[in-house]
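This report concerns only the one structure given below.
Note that the chains take the letters A, B, C and D in the order they are written out, and that residue 1 is the start of every chain.
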Amino acid sequence: MAALNLLTTKGLSRNFGGLWAVHNVDFELPEGQVRALIGPNGAGKSTFVGLLCGRIPASSGSVQFDGRDVTALPAHKRIALGMAYTFQITSIFAKLSLWENVALAVRRKHHGDANAVEGGVKAALSRVGLADRADQLAGDLSYGHQRLLEIAMGLGQQPRLLILDEPTQGLAESEVDDFKKLVRNLAGETTVLLIEHNMDVVMDTADMITVLNFGEVLAEETPETIRDNSAVQAAYLGTG
Amino acid sequence: MSAAAKSVWLHGGVITLLFALQFVLPAYHHGNLARIMVLAVYAMGYNMLFGYTGLLSLGHALFFAAGMYGLGLTIAFLDFAPSPALLSGIISALIVSAVVGFLALRTTGVAFMIVTLMFAQAGFLTILLFGEYTRGDEGFVIQQPERVLAGIDLTTPGNRYFAALILFSVCLIITARVVQTPFGKVLIAIRENEDRARMLGYDVLRHKLIAVIISGTMSGAAGAAYALLFGYVGASFAAVQYSIFPLLWVLLGGAGTTIGPLVGTIFMFYLIDLSSGLTSAYMLIAGVTLVLLTLFARQGLVGELRKRALPWLP
Amino acid sequence: MDLGPYLLLASLEGAVAAAVLALTAVGLSLVFGVMRVVNVAHGEFFMLGAVLAWWFASLVAGHPAFGFVLALICAPLIAAVIAAAADYFVLKRLNYDPEATIVATIGLLYIIQQTVLMTYGPDARPVEAPFNARIYLPWFGYSTYKFFVIGAAIVLLIGVWIMLTKTRIGLVLRASQLDSEMALAFGIKVDQVYAMVFGLGAGLAAMAAVLVVPIQQAHYLMGGDPLLLSFIVVIIGGLGSIAGTVVAAILIGMSDGIISVFFSPTLAKIIATLLVAFVLIFRPTGLFGKRSI
Amino acid sequence: MPIIKKPSRLVTRRSALKGLAVGTGAVAAAGTLPGFVRYSQAQSSEPIRIGFQVHRTGIGAAYGRWYDRTTQAATKAINDAGGINGRPVEIIAEDDGTDPKRGAEVVEKFASQHNCDLAFGTLFSHVVFGSAPRAGELKIPYFVVSEGHHVASGKLNRYTLQPGITDVKSQVQAMAPFVSDNLGKKVTMIYPDFAFGHDHRDYFSAALEQQGGEVIAKIAIPPTESSFTKYFPKIPRDTEVIYHVMVGPAVLTFVKEMGEFYGPNKPEIFGFIDSLEAVDMASPGLEFLEGSYFWEGNPRYAQKDQSTYDKDYRAAVGVDDNGASVSDPKDVSTYSHMFGCWETLYTIKDGMEAAGYKGPEDRTKLIEAVESITDIPHSAEHPQGAKIFNGKTHQVFGHQYISKVKDGKLELAHTTSIEDTLYDDEVDYTTQPF
């Protein structure tokens, strides 16, 4: 094996009342890669990442993270091993300050070290451009800024694997550009798994793209080759 | 001034004020304040769970009673001296809250309220069932000679006040300290957004369980202290009203504020004390207060103060 | 007494208890099912029904049946109006937030209870039954009125069931229960539906109390037990499931009399409360329900 | 004019303001500097202030109302006759919610805020238990009217006395000879499953065994129970006597359901009037009680040979010959208990006059004076009957009445001697320091 796989799933499946939301997915994510996960609505993308980070228990199959079988671990333990997850629907601590929001993310690693926490919070907020708003209440931010805060909370954890569930949804165009820069910056630093609808973002940031359809992996290609994949086109455009 | 420094000044100030008050208050209010401080400890315990962790329990009387009977029964039947009896009360509350927490935390929201309510009701009935030992609703008296703690006679007003003040101060400092620690911040995070806290890698269940135990133990300490300072142990303290009272005090004073429970307890005590002269149905006033609070001041007195004027209040 | 007659008596008593409990608990269950509100003041509406029954009965001279019939019509109506007003002025303004409504209904509990204390007083007062012949069985005697209570409760419950399943009101209720936003979109005035449901729940409790008050007496603290029992029944029956509630009421009502043969009654109550706690912990949908709290 | 005052809003606020404004001033000084008090009170005929702990709300409210009426009537009578030591009596009533915690707070309020000379009037025993320790610490005499055995059992303290009403233990044991001689030897007891009921269970079982009888079944009923029929099959078939004592709002249901269950083929029934206290004997469903017996603390219906004392006492309190309010014949009194308030107030008067009571500094003298009381004759002051006070146990002993239900009324059938009610001392409070 050339590159070490940070994340591997084998036969990962989940059904809801007889319907397979995710079916028999074998998935490998090498360390350091930026991977985009795309697919039409209802393809099972969010369920799949839910299975990865433990929000949803698997019906069958296994998840390996960093060489360790984490299938049986609850979400918080997987996060503690170095995953970070940002929610598709913004989920922040609305009544707490931005600083405290990010500090909660940073603190778990630097237990008791106030200086390290301070530094980590500053760094994470600066990276998303919110450093000057640290004292504001998170609930007072605009929607776009809340999305950025969400990403900052992901960064603040200094994860080995950062899972971003539709991070650019609702962002203005200029903010999307900033986001692209941010992700490119992260490349090499951390492994990123990105669920994204905006093909621009996908093409500009991802090293590899995995396409899900009806809960199964339809294709796994580089951005360059995926445009020519007729199966993907069919899935997206509904033509045969 | 940093938030931590402000917190030290605020809590130091409250304790100093309470210390000073004993020299100027007339006898009646002096006695009341001693009682209020003990009850405020109960409210602070409740606040740890409801105010800071966001879990609404309707069964805290069980913890209060665990402390009270843990002390009272060991004095009555095992001839414990007050200090080991006090310890026994606190440990009883700790064990009861750990068991209740372990079971009840499998539920959330309304189910959690009802489960805690049912456990407390079962506890109350158990006290009645073992009436031979507990004397049921009638309860029993802890006589004066059994209330001398480490050579200090807790039946004199001055000593009683001082003992109540010490217990109150210790619990206030614990509360103020806990909410400043990373652990306390996680509790607040759980209150604000449990799912998010979990997905930041925190063991939500474990944090909640510890919060239940701190909360229950503090409530139990209040129950034990109440029995020791006022000399009576009885089942009425385990009944459902005594689960509602701390909720009322905390809501009134301000949930999730360190001094709210004290403020709420004082306010409610005097509201009832003064209104009982006006009307025999003074619980009516408690009812109206509850409804008005939910309608117009969800944050309570200190909470509204924090919202409008002093955002730094811990 | 031999076991046979004993069980017969326990079953009769159980049936009366179950009938009253089913009516009361269906009211609580309906409110929870449609509005997702846990009404802690439910027992006080029960008490209100009993107290009003005494009041109406004392207004009417002559045969006790006149006063009773008047009470049976008017007491639930008044309780329902008071409940609907409480919904309009308080619960609606809280947006039916679960925790806030619990606290507010605790407040409502005290307000009703203490207002009754101030006006009606602390005494337990009897209401004469509309008829009260005694049946002589070989082993014991039994009041005929108690059979009437069982019958009346069955008729009323069937009435509620028909209303929920066969009428437009029922359709509207079920629509609001399934999805209040959708119901709103279809032009259902959810506000009014909620006020009506809250009133209906209170009315059913009051109705149960009017039926029971010739057996028991009206007293301002009588609401506690029905509340607790209704909770137990609604939870075991499965929240919001009317059929489950009725089944659970029969189960609890019938078993109460029989359990107390073998255990001390206090122990039986301990077991019942713990049972509820453990049902919620390990089977949050109740024994018959589909939805959890 | 009687001086009867509830703490009005005005008074409360004024005293609160006074307390806040003066600080360590007048109020505190009055409590701590005896010289100051003696001087100020010797100069005036300030009223004697009696704190009345009354169950206005909570489970005891039905009793509380009649305790209140009796207390006010006694106060009026005492004041009309010149008060105590020439000083008028002022009653300061505070509701305790029939709750031990509030009870203790109320005693504290009497002692420290209203500056009462003593506290008085409590019925429910858990409130007595909750309040007595505070009374002892505040060193304020606490005269209870509770009929609990808690005073004489030695569980309370020297400041707590019960000189106006007999206790459960003596009442119950005095019934045993009558029951076993006249009604039967095999008794089934039905009682509430809490401390008051357990006292009945324990003391009556013991007393009946001494008489050669036997309690063959003991049926404890939870205090919150509202329906009772399901308990009746537990009564063994060879039961000769049913002994019942129920309390609380469901008492009438209890008796009615017993009637429905048994009909005319009933065993002998002996009940404590607590089962029907404040309940009209003419209530529907009670007909079956005809011919059964009741313990009464004081006969509710005016008897043929009614004493003039009872007649005057009824008139003063406003109770008619059927034991109901003169203004509302449906409002039945708690006649078997409330006389205790009347008699206790007169015992306080006697004690104060014997002690030459001037003010709070004489509280211990008052207690010693009451402790030295022994014989209490049947009189206008003690209309229930003659009594013997035991200064060591702080408990009074007196005649008990047993009435038979005849034509829907209670007719006196037997009066026990005081000797029947006596038992060995369990405590000697006079050896305790003040």
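The rule we apply is simple: contacts are C-beta pairs under 8 Å (C-beta built on N, C-alpha and C of every residue); 3 or more make two chains touch, one makes a residue touch a chain.
Only a predicted model underlies this, so the values are computations on that prediction, with no experimental measurement involved.
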Going from chain A to chain D via touching chains takes a minimum number of steps equal to 2
Counting only C-alpha atoms to place each centre, which chain is farthest from chain B? A
Nearest-to-centre chain - CA centroid comparison: B
Comparison of B-D and C-D by number of C-beta pairs in contact, larger one: B-D
Whole-angstrom distance, CA centroid of chain C to CA centroid of chain D, is 37
As a quick test, compute the distance in whole Å between the mean CA positions of chain A and chain C. 51
Let me have the rounded angstrom distance from the C-alpha centre of chain B over to the C-alpha centre of chain C, please. 33
Give the residues of chain D touching no fewer than two other chains, as numbers and ranges. 57, 193, 222
Residues of chain C engaged with two or more neighbouring chains: 114, 117, 264, 266, 269
Overlap residues in chain B, where contacts from two or more other chains coincide: 128, 280-283
Should the pattern of chain-chain touching be classed as line, ring, star, complete or other? other
Pairs of chains that touch, anyone? A-B, B-C, B-D, C-D
Mind pulling up the chain B residues that touch chain C in the complex? 56, 58, 103-104, 106-107, 109-111, 113-115, 118-119, 121-122, 125-126, 128-129, 244, 247, 251, 279-284, 286-291, 293-295, 298
Seen from chain A, its contact residues with chain B in the complex are 53, 55, 75-77, 79-80, 85, 87, 91-96, 100, 103-105, 107-108, 111-112, 153, 157
For a test of understanding, state which residues of chain C touch chain D in their complex under the given definition. 1, 5-6, 9-10, 13-14, 16-17, 114, 117, 121-124, 126, 128-129, 132, 134, 136, 140-143, 215-217, 219, 221-222, 224-225, 256-257, 260-261, 264-266, 269
For the complex, which residues does chain B have touching chain D? 23-32, 35, 128, 131-132, 135-144, 155-157, 230-232, 234-237, 273-274, 276-278, 280-283
Note: in the complex, chain D contacts chain C through residues 57, 59, 61-62, 64-65, 193, 220-222, 224-227, 229-234, 237, 249-253, 260-263, 278-279, 283-285, 331
